[in-house]
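In structure tokens below, several structures.
Paired with chain B in one complex and with chain C in the other, chain A is shared by the two complexes that follow.
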Partner chain A sequence: MNTIHLYLRSMAMLLKSHLQYPTSFFMQTLAQLVMEGGELMVVILVVDRFENLGRWAGGNLYFFFGLMSVSFYLTELFGRGITGDFPSMVRTGKLDTLLLRPRGILTQVFCSGMDPRRITCIGVGVAALVMGSIKSGVEWSFLKALALCESIVMSCLLILGLFMIEGILCIHSVKSVELVNAITYGGRSACQYPIDVFPRPLRILFSVVAPFAMTMHVPAAYILGKPLYGWPLWTVFVTPLSGVVVFFIMTILFNKGIKFYRSTGS
Partner chain B sequence: MHYIEINGLRKTFVVKKKREKGKLFRKKETVEALKDVSFSVEKGELLGYIGPNGAGKSTTVKILSGILTPDGGEVSVGGRVPWKDRKEYVKHIGVVFGQRSQLWWDVPILDSYSLLKDIYRIQTDDYKDRLEELTDALQIEELLRTPLRLLSLGQRMKAELCGSLLHRPELLFLDEPTIGLDAVSKLALRDFLKRENAEHGTTVMLTTHDMEDIAALCSRVLVLGHGRKLYDGRLQTLLEQYDYDHKVSARYEDEDSGNIDHLIASMYKELDL
Partner chain C sequence: MKAYLTVFRMRNRMELQYRGAVIGGIICQMFFGLILIALYRALYAGNPQAIPIEHVSCYVWMQQAFFRMLVATDPDLLDKIRSGNISYDLCRPVDMYWFYYARIMAQKLMGSLMRGIPMLVFAAILPKGWGVTTPTTFCGLITGLVGLFLGLVCMCALENITMAFTMRTLDPRGMQSLMNLLMVTMSGNLLPLTLFPDSWQKVITMLPYAQLLDGPIRLYTGEYVPADAPRILLVQGIWAVALIITGYAMWNANRKRIIVQGG
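After this line comes the complex of A and B, so read on.
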């Protein structure tokens, strides 16, 4: 309970820090809107040109796009400490300061970063979700709403877990972070589109290694009324749990990494 | 049983060297930062810890504050082992790095303090009392609503000190606290440290290159060089002994730091550090 309280207070303080520079904050938030809006335009153009992609109609594609945007940028908004700031914490020695406080390292890393500018990206994502669900004629039910919520939460955990790999690697002073970016940022770009339009190797990558397909595409396909691979209903609620599994495993490895840091001093 | 006991402390680092031409892998080299260092500190002592750059001072402080795990040797601080059960241990210590801030850059320092209150789980009443006491002693009351980034170097150091003492640590590590401070701020800071030490019995371990700091504050100095302990005792004795042994012509008096610097410098050279 105390930890959540601490997290919320830290977030409030970070927001205050960001608002210390109002013009810069406003401009950057606007820039984010243009950036993510541009991404959505690409999808709109694709839909305009081809009308459908495999068995997915235009509206379906908006829905997939929206799901990815909302999940990815929610993670960046609340978990910036993990998704962006951690490598610099190791480099500048901020991690040492965190080690001097009587709190878990992961908690403190979470508490030391947020990126409120992402709010516009999330806005674009929500717009895409709404547009997609109207165009696809989704009939919302309690189960579908539940599936959507679970999908977003699990996807956030998955993305956090994947970014933690980057953190773990940078503790071991490995500079080849690009490899991890291939599944984090690469995963974001690729999995804006449903998994079954990809060739087999990519399908395996994003189902098993970085299971975006499990946390996003299985539930989304169910919501859109076109179950992925014809899988039964229970899979919609079980496969997204892979997100929490990845997060859990990475938490353990992350703490191992901190142990390593403490014995080598990076 | 002493408050801090260190026995045969060892720490080596693996340093990767720059890749040489024509070689596929980088050479690795182990650097022994600490080779068998032992000493003990009593509760309430003000200890100066000096030595040339790269002598292993920071490594010792990092081990004592629980950031680093040593390769060998025993350490006990108030009956606890620093690198075991980190969360429990760090509640009892405070650390100030002269070059590194632990407060939040863009918000008023009062906000930083109140977040530290939550981090250390300090009771509200206790926090209020302590904050008032510290702001009085450090004279930073009018700075509390100013963001850290707008403070001068001296003000910032005071703010850092206040932040690291809020949870009433038994043991305070100071890493070059007076670096870049003007004469007035330095004196004020020293006075404060003396008072804190006298009133609360806080054990203070000070690493610095400023011999004046040591002369003014520390009853005892520890000289470290190449990862080994070279001297442990009173500063005055160290200087007299060295002066006598080596017939260095430098004249020094208690407060005359210029000459102390000369003497220490010639001592470092003599010992080939």
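After this line comes the complex of A and C, so read on.
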């Protein structure tokens, strides 16, 4: 409980500090809106030209896009410490100060950053979700709403877990490791679209190694009424749990990895 | 002139220093290219289009290969603007605009060649429909290369215009991310311009952003037949001159009202 309280206090403080320069904050938030709006425009143009993607209609594609933006940017909003700041903490030796304090390293890393500018990106994602669900004529039920919530939470944990890989590698190599972007940002680009349109190697990568398909596409396909691979209902609630599994494994590895941390000495 | 050439050469060598660091970036971008092509192939599977998929794949690879040309910026200049050290540059016996023009050109050229060549070699060995196509005519190859050079000239001019804005606002983030968005959308990096609605294309292909990579790539793939080539190259040339004049005027205006930020 103490940890959560600490996290909330830090978030409130960070928010205040971001709002200290209102004009700059406003400009950057606007820029984020335009950027994510541009991404949505691409999907709209794709739908305009091609009308459907395999068995998925245009409306379905908006829904998949929305689910990815909401999850990805929620993670960036609340987990900025992991998704953005950690490599520079290692490089500059700022991590040393965290080692001295009587709290877990991971807790402190989480408490050290947030990115409220992402709020507009989440807004675009929500708009895409609403648009997608209206265009696909989704009949909402309690189970479907539950599946959506579970999917978003689990996807956030998954994305955090994947970003932690970069953190772990970076403890060893000091440099930030661009290659990991292939599964984090690459996963975002690919899994904005349903997994079953991709060739087998990519399907395996994003179902087993970085299971975006499990946390997002299985529930989303159920909500849209077109179950993925014809899997039964219970899978919709079980497969997203792979998100928490990845997060858990990465937490253990992270705590193991931190033992090898050698300060850069600056 | 000699001074600018020396700056250009020095900056080229600087770029070549970090060969190791780019490997991760190259692999990452190849992966992005493969994802995009897989997606377009899936879209094409049910809905064949007028433009063959081979050209789209080729377009995607070229965009990935020369991505660095679009987005590379001069970090030293940004630092100088923020810290006020730009005042030292006023003492140099060279024209500031062309000094930074030569620097950014070297950075964009070397940076993208270093990344682009391995990527295009990789794309060339991929099976048909996944990799790059050979140009349809010899003329297409030559005009494509000339177009690419003119595109580079335009790109450096655009970059200097962005920098001129930064000198006024001092905070690069807002303006730069806006310019970058215009850059990646309107130049065909996010979605090939050939897949935009046909009515939009008439306008978009006339804008400066389409001159950077879209024009040269279409000349190469044969989307623009050789008979069109003089017209395309002329549009590029006009934009290059216009952008350089605009940028030059902005830099001159800025030089008169430059504010040095403190100690």
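Rule of thumb we're sticking to: the second predicted complex is superposed on the first by the 258 of 266 C-alpha atoms of A that agree within 3 Å, B and C clash if a C-alpha of one lies under 4 Å from a C-alpha of the other, contacts with A are read in each partner's own complex, and residues count from 1 in each chain.
Keep in mind that, in the parts below, a contact is a pair of C-beta atoms (placed from the backbone, for glycine too) under 8 Å apart; a residue touches a chain by one contact, two chains touch by 3 or more.
The shown structure was predicted, so the numbers you read here are calculated from the model rather than taken from an experiment.
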* To do: Check the contacts made with chain A and report whether chain B or chain C touches more of its residues.
  => C
* To do: Please indicate which partner A:30 is in contact with in the superposed arrangement: first for chain B, second for chain C, both, or neither.
  => second
* Which superposed partner A:53 touches (first chain B, second chain C, both, neither) -> second
* So in the complex, which bits of chain A are touching chain B? -> 2, 5-6, 9-10, 13, 16-17, 20, 92-94, 96-97, 99-104, 108, 262-265
* Structure fact -> Listed in rising order, the residues of chain B that touch chain A in the complex are 13-14, 59, 62, 65-69, 83, 86-88, 90-91, 93, 95, 97, 100, 102, 104-107, 111, 115, 118-121, 147
* Structure fact -> In the complex, chain A touches chain C at residues 24, 27-28, 30-32, 34-35, 38-39, 41-42, 45-46, 48-54, 175, 177-179, 181-182, 186, 189-190, 193, 197-199, 202
* Mind listing the chain C positions that touch chain A in their complex? => 21, 24-25, 27-28, 31-32, 34-36, 38-39, 42-47, 49, 171, 173-174, 177-178, 181, 184-185, 190-191, 195-197
